[in-house]
Amino acid sequence: MIEPYVYGDYIAIKALENGVTVIGLTRGKDTKLHHTEKLDRGEVIVAQFTEHTAAIKVRGKAVVYTKFGSIETSD
Amino acid sequence: MIEPYVYGDYIAIKALENGVTVIGLTRGKDTKLHHTEKLDRGEVIVAQFTEHTAAIKVRGKAVVYTKFGSIETSD
Amino acid sequence: MIEPYVYGDYIAIKALENGVTVIGLTRGKDTKLHHTEKLDRGEVIVAQFTEHTAAIKVRGKAVVYTKFGSIETSD
Amino acid sequence: MIEPYVYGDYIAIKALENGVTVIGLTRGKDTKLHHTEKLDRGEVIVAQFTEHTAAIKVRGKAVVYTKFGSIETSD
Amino acid sequence: MIEPYVYGDYIAIKALENGVTVIGLTRGKDTKLHHTEKLDRGEVIVAQFTEHTAAIKVRGKAVVYTKFGSIETSD
Amino acid sequence: MIEPYVYGDYIAIKALENGVTVIGLTRGKDTKLHHTEKLDRGEVIVAQFTEHTAAIKVRGKAVVYTKFGSIETSD
Amino acid sequence: MIEPYVYGDYIAIKALENGVTVIGLTRGKDTKLHHTEKLDRGEVIVAQFTEHTAAIKVRGKAVVYTKFGSIETSD
Amino acid sequence: MIEPYVYGDYIAIKALENGVTVIGLTRGKDTKLHHTEKLDRGEVIVAQFTEHTAAIKVRGKAVVYTKFGSIETSD
Amino acid sequence: MIEPYVYGDYIAIKALENGVTVIGLTRGKDTKLHHTEKLDRGEVIVAQFTEHTAAIKVRGKAVVYTKFGSIETSD
Amino acid sequence: MIEPYVYGDYIAIKALENGVTVIGLTRGKDTKLHHTEKLDRGEVIVAQFTEHTAAIKVRGKAVVYTKFGSIETSD
Amino acid sequence: MIEPYVYGDYIAIKALENGVTVIGLTRGKDTKLHHTEKLDRGEVIVAQFTEHTAAIKVRGKAVVYTKFGSIETSD
Amino acid sequence: MIEPYVYGDYIAIKALENGVTVIGLTRGKDTKLHHTEKLDRGEVIVAQFTEHTAAIKVRGKAVVYTKFGSIETSD
């Protein structure tokens, strides 16, 4: 069995305040919230797109690191 | 089973005002709206093209990050 | 099942006035209009070529972002 | 089923006057006209080579964007 | 069925006078003329190599755009 | 059997204080914590995304080395 | 059926005098002349290597465009 | 049998003091220590990620060479 | 049938005097001469390695164009 | 049979004193020493990772050439 | 039948004196001389590695063109 | 039958004195000497890694050309 999961593109998010919310949205016909991760100020998460996650939404003061550069929320 | 979903190209969108609308349009014979995501000022979404989403339309003041650079709506 | 749809090249279009028309032309033996999307001033659409769309025609004042650079209509 | 259609190279054409003609020529043993698209001044079309189109001919004042740069007709 | 036709390399030709002749030569054991396209001054054609065309010959004043740069005939 | 595990992208983390926590989050439908690694000041861990790990969260003063550059937590 | 013919490398030849001869040599065990194309001054031919052509010989005053640059015959 | 093991990414570690510990962590559901290698001052080890090793942890004064540059522990 | 012949690397040779000899040596267990091509001053040949040709030897005053640059014989 | 062994990444080691030890560590569940090569001052070895060797440890004054640059032991 | 022979890497050798010897060594378990080619001053040979040749040894005053640059023998 | 042997990476060795020894070490479970090639001053050998050779050791005054640059033995 080939498991190419591990090739998924990744982004990184760094919280600039407490309570930043990183929301994983589903890939299927219905685009639903399937996971919410809370980050406190200074925490960093590095996350891949997966079989289940096709979009990632960030709420709260944070920096989102993508292939387009780093994007600051809430400026 | 090979699941190449995870390879889909992604773009990023940052809302510059409340109520920015990110609309996913379907890939099939009929191009229909299949998902609407609301972003408030400063929120960022990173979204892949998927089996279901072949076009993404952005309404409201926002920056769209693509491989062609960043595109400001409403300037 | 391999679904390489998601690899389709994409372009972006930004409307510079109300009523910009983005027209999807079919891929088959007959090249027919299969979808029309209306954009208002400042709206941006990011769209892939798909199994159904082999050509995209833009009417009205807009910027079309392609791998050849950005092309302004109506100058 | 693998559908690699979507990988076809694309070019872009911008009309510099009304009535520019974009002609798709067939790929088969016989090279025949199979589609004619009329563009008015300022309109842009982005078009892939397809299973059916192996050559594209442009008549009238226009810019053709290719991997060799942009080519002005009629100068 | 995989149809890799669409990947064929392409060149572009711009006529600098009326009556430029673009001649497609066959790929088989016998190299024969299989198509002749006439271009008038200023017309541009973008053409792929195909299953049937292995060589393209240009007669008359024209510019041929290739991966080696642009080549002017008749200088 | 092909085992492409070994191709997984990797990141590196360096602890800048005692008690830095590196948390592996699962890839499945449910995104759960599946491993916690404690790092003392100055320790470095180099870790791949795997069949089981789709996201890595870092708590405590540390540097996270990613393809987007090095990201300092807690600044 | 996969037909990778269309991927063959191509070169270009521009005649600098009348009567330039472009000779296709066969690929088989015996290297024989299989096609001769005559070019008049200023004519350009763009030709792929094919299943049948493994070498191309140019006689007469011409420029041969290859991946090594342009080579003038007869200088 | 295809054995792609040999393609695994590698890192290098150089000990800057005696007793540097290089710890291999397992790839499976449980992330466990599966090997410990002791390095004396000045020794260098070049190690691949393997079917069994998904993470490498370094304790003690050392330089870790990765695709992100060289990372000094314990500074 | 896949015919990858057409991908063979090519070199180019330009004769700087009459009677330059381009010798194709066979690929098999025995390395034998299988073809000799005579070039007159100024003639250019562009030749691929093939199923039958694994080495090409050049005698007489000529320039050999390779991926290492152009090599003059007899200097 | 496909034998991709020959693609394994390689490193080089140059001994700067007599008695440099190059130790091959096994790839399996147990990471064991499987080969020891002694180098005298000035000798160079160029070695691939293989089906059997997943890590290479160098003892004694030497330079290890890797994709991260050259690493001197014992400085 | 796929015949990837033609992809073999090639090197070039230019003799700087008469009697340069280019020796092909076999690929098998036993590394034996299988071909000797004599070059006179100024002759150039371009030779691929093949199913039968895994090493090439050059004796006499010559320049060997490789991907590492050009190497002069006997300096 | 696919024979990818010919893709093996190669290195080059130039002897700077008589009696330089190039030693091929085996790829199997046991790493044994399987071939010794003697080079006299100025001779150059270009050698691939093969199914049988996973490491190459050089004794005597020589330059070893690798992807990491040229390495002089015995300095």
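Order of writing sets the chain letters: A, B, C, D, E, F, G, H, I, J, K and L. Residues in each chain are counted from 1.
By definition in this document, a residue touches a chain if its C-beta (ideal position, glycine included) is under 8 Å from a C-beta of that chain, and two chains touch if they have at least 3 such contacts.
Computed from a prediction, not measured in an experiment: that's the story for all the values here.
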Shortest contact path, subunit C to subunit K, counted in steps: 5
Copy pair subunit J, subunit L: interface residue numbering same or different (half cut): different
Inter-chain centre distance, subunit E versus subunit F - centres from mean C-alpha coordinates, in Å: 54
Rounded Å distance, subunit K centre to subunit L centre (Cα mean): 15
Distance from the mean Cα position of subunit G to that of subunit D, given in whole angstrom: 28
Numbers and ranges of subunit I residues touching at least 2 other chains: 1-2, 4-5, 7-8, 48, 50-51, 66
Chain-level touch network, classified as line, ring, star, complete or other: ring
Cyclic chain order when read starting with subunit I and heading to subunit K: I, K, L, J, H, F, A, B, C, D, E, G
Subunit B residues within the subunit C interface of the complex: 1-2, 4-5, 7-9, 11, 25, 27-31, 48-51, 54-59, 61-62, 64, 66-69, 71, 73-75
Residues of subunit A defined as touching subunit F within the complex: 1-8, 10, 12, 14, 24, 34-35, 37, 39-48, 50-53, 65-66, 70
